[in-house]
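Before anything else, here is the set of structures, which you'll find just below.
Consider the two complexes below, in which chain A is the common component and chain B and chain C are the respective partners.
Moving on, here comes the complex of A and B:
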């Protein structure tokens, strides 16, 4: 009798613990959005950092850039691949949005998926939005 | 099976630990020897440099129009909100009307007796009663705001410009209390609805930060002159106070100049030719 109870309890426990997996098996999982290179970035093919490095570390890079621009007045970034970039989110041709001109696709799609909401755009402006 | 003595076991363990410790060092040396180029940061080739940036304002060349033009050039380029601006209801629905006492200013025309409260003589020349004195952040040598700031959001750059890092400002307003010139303004609300035309070359600010003149640090970095100087029709000269050969030092050598509230010992870098 107690053996059956234990086995049933174990069964319930396993089902409950693994419920996220069951849930994902029956519902459609949303794949991470794929970044498409838009406009100028697609032609240029010269990333600031290596693609995977950028994916993992762009926030630290931006943090470093900010301190460099604001504190040291160093505004040019000579990347390891020999290219030079303007350390700016959105001002000028050679900035982040200057090359990746679609903010919705380049920033927001992943941030929304990952459920992070950086507040860059409370101050920084998207040139496309201010027409 | 081989029998290990405690002694031989410890020997092997010690050597293994040494090997583990050496791995990062070896990796470091190895990656160095590849000679992979590393990233570096630097300035624009055209960037303007100075030991200590300063400004001379020739009040003889200042008229109401000139003072207004300077304010307009600065404020529109830096996205400074104007609370008299009519809010676009479509873009910013439900915006409350602004309190004009919370106005934000970087450079503005001020009456003589407010600009120079200790220089108001009994028989002050008539023209100074009506002259709009352009006032702005003095980029003091001993800036009290930088000492008051608890987060180092406001700081003195190597070239003498007192700058703000808006990212770090927590909106405590100690700097505003510390500044004897009222050169700082607080964003009591989101400034965006009150910006007539947003300049894409400069960010706006957000609610809850203090802001002030940055001596156009973003333009100096590109080799351009500050907006107010360009709009001033020769009334403003910006240059290096530490360079005896600079235009600004020649002006200071040839003219009698005054500074605002000198007795406070903040050593303002903005001089006025009267």
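Moving on, here comes the complex of A and C:
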């Protein structure tokens, strides 16, 4: 193989390996979303899980809730902090979106940031969108 | 137990513990999360370039393609233009098949004694190494491409499609990614082959086991974080984005497992140019694959041949004609 082809190949390889670096230089990189409690949630100061657990583990909790509600009709969740919550994503005041009422900020901002597209909303609706 | 795999296994365990304890016990997030990954990247790129440039500088004076089919001959003899190419186009096709489909591994055979009374040595086609290798390499590629979601924001749409198809079975929550499962299974298969197949075991060295254990460690820590122990993915993305935009953030509450994952990946990168993993670059430079078999149609002269001083018979006779005639030897020209 000729020297020129090898050099060209190496060039392509280096560019590909360093792509995460230059990609962020040539495109406009958005900053991470600022996570803050809003509305009722900011006043309530109590949630189903503590802060880190909530960030890391909420999807598993929702999965457990779904099984509990659909299979066992058990809708009450006794949290580690002694509070009792209604197991619901989007229905009523005592649900996830009842308290954190801005889906854009509460759900979508982080999911978009981490490129996660949960299928919650294939069945559930954002209560604010029903008019 | 066999120390050729016991030592690499222990090494990977110790490396894992080093990062885990370093972060959980000594709070060395900056060392394991920032310094070592950058160093590893430098070693990877520098070592890779050095290796390939070294290969590029070495001499390939002769055409040495392995011929696996009928070569170009008379018009009425059918040529196998991929397995015995005589044109650049044929070579290109051969290389594409080699690089993307591992064509030469597809022909893998195994030798074994017949189990019946005749006990003859016989060869049979063995496709599982090819299938396992193909599954392993493509799963690893998909896993690496999926990780680009941690290094871009907004994430390019094509990465989203990849995630969609990778998670298409929608099993569990967070949904299972097929590439991760295939990667772990294929690595285990390639490892099992080295341990349980006596003939492969006999020729396997520590350098064969180490990358397998290392990749298993990387896959296991990644799978553990995604499906079992769970981590704050937004915090981690802030960290990884910090690495590629030189704006470092150490996320709160992210534990030793994550840093162990990063550390094992760094070790893999740094180890890469020093090891057999360089077949990634080497496959492109295989002279037995990337040369056209056209030695009968074209004359190839060794490029560093110097001018050899020749002394032809005519010159010899010119030189010694008188003496030859004197001695009565026959000459071609009398004058």
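One rule holds for everything that comes next: the second predicted complex is superposed on the first by the 100 of 131 C-alpha atoms of A that agree within 3 Å, B and C clash if a C-alpha of one lies under 4 Å from a C-alpha of the other, contacts with A are read in each partner's own complex, and residues count from 1 in each chain.
By our rule, contacts are C-beta pairs under 8 Å (C-beta built on N, C-alpha and C of every residue); 3 or more make two chains touch, one makes a residue touch a chain.
Not measured: the values here are computed from a predicted model.
Undergrad: Which partner does A:90 reach: the first (chain B), the second (chain C), both, or neither?
TA: A:90 contacts chain B only, not chain C.
Undergrad: Now for A:3: first (chain B), second (chain C), both, or neither, which partner does it touch?
TA: A:3 contacts chain C only, not chain B.
Undergrad: Using the superposition on chain A described above, determine whether A:115 touches chain B (first), chain C (second), both, or neither.
TA: Touch status of A:115: second partner only.
Undergrad: Now for A:21: first (chain B), second (chain C), both, or neither, which partner does it touch?
TA: In the superposition, A:21 contacts chain C only.
Undergrad: Return first, second, both or neither, reflecting whether A:76 touches chain B, chain C, both chains, or no partner chain.
TA: first
Undergrad: Compare chain B and chain C by how many residues of chain A each one touches, and report the one with more.
TA: C
Undergrad: May I ask you to decide whether A:33 touches chain B, chain C, both, or neither, giving the answer as first, second, both or neither?
TA: Only chain C; A:33 stays clear of chain B.
Undergrad: Considering only the contact definition stated at the top, list the common interface residues of chain A for chain B and chain C.
TA: Shared contact residues on chain A (touching chain B in one complex, chain C in the other): 119.
Undergrad: Tell me, which parts of chain A touch chain C in their complex?
TA: So the residues of chain A touching chain C come out as 1, 3, 6-7, 9-10, 13-14, 17-21, 23-24, 27, 29-30, 32-33, 35, 52, 55-57, 59-60, 62-63, 110, 112-117, 119.
Undergrad: Please give the residue numbers of chain B that touch chain A in the complex, ascending.
TA: 36-44, 47, 79, 155, 157-159, 163, 165-167, 198, 200-206, 217, 221
Undergrad: So in the complex, the part of chain C that touches chain A is made up of which residues?
TA: Its residues touching chain A are 41, 44-45, 48-49, 52-53, 56, 148-149, 151-155, 159-160, 163-164, 170, 172-174, 230-235, 237-238, 241, 244-245, 252-253, 281, 284-285, 290.
Undergrad: Mind listing the chain A positions that touch chain B in their complex?
TA: Spelled out, the residues of chain A in touch with chain B are 66, 68, 70-82, 87, 90-92, 119, 122-125, 127, 130.
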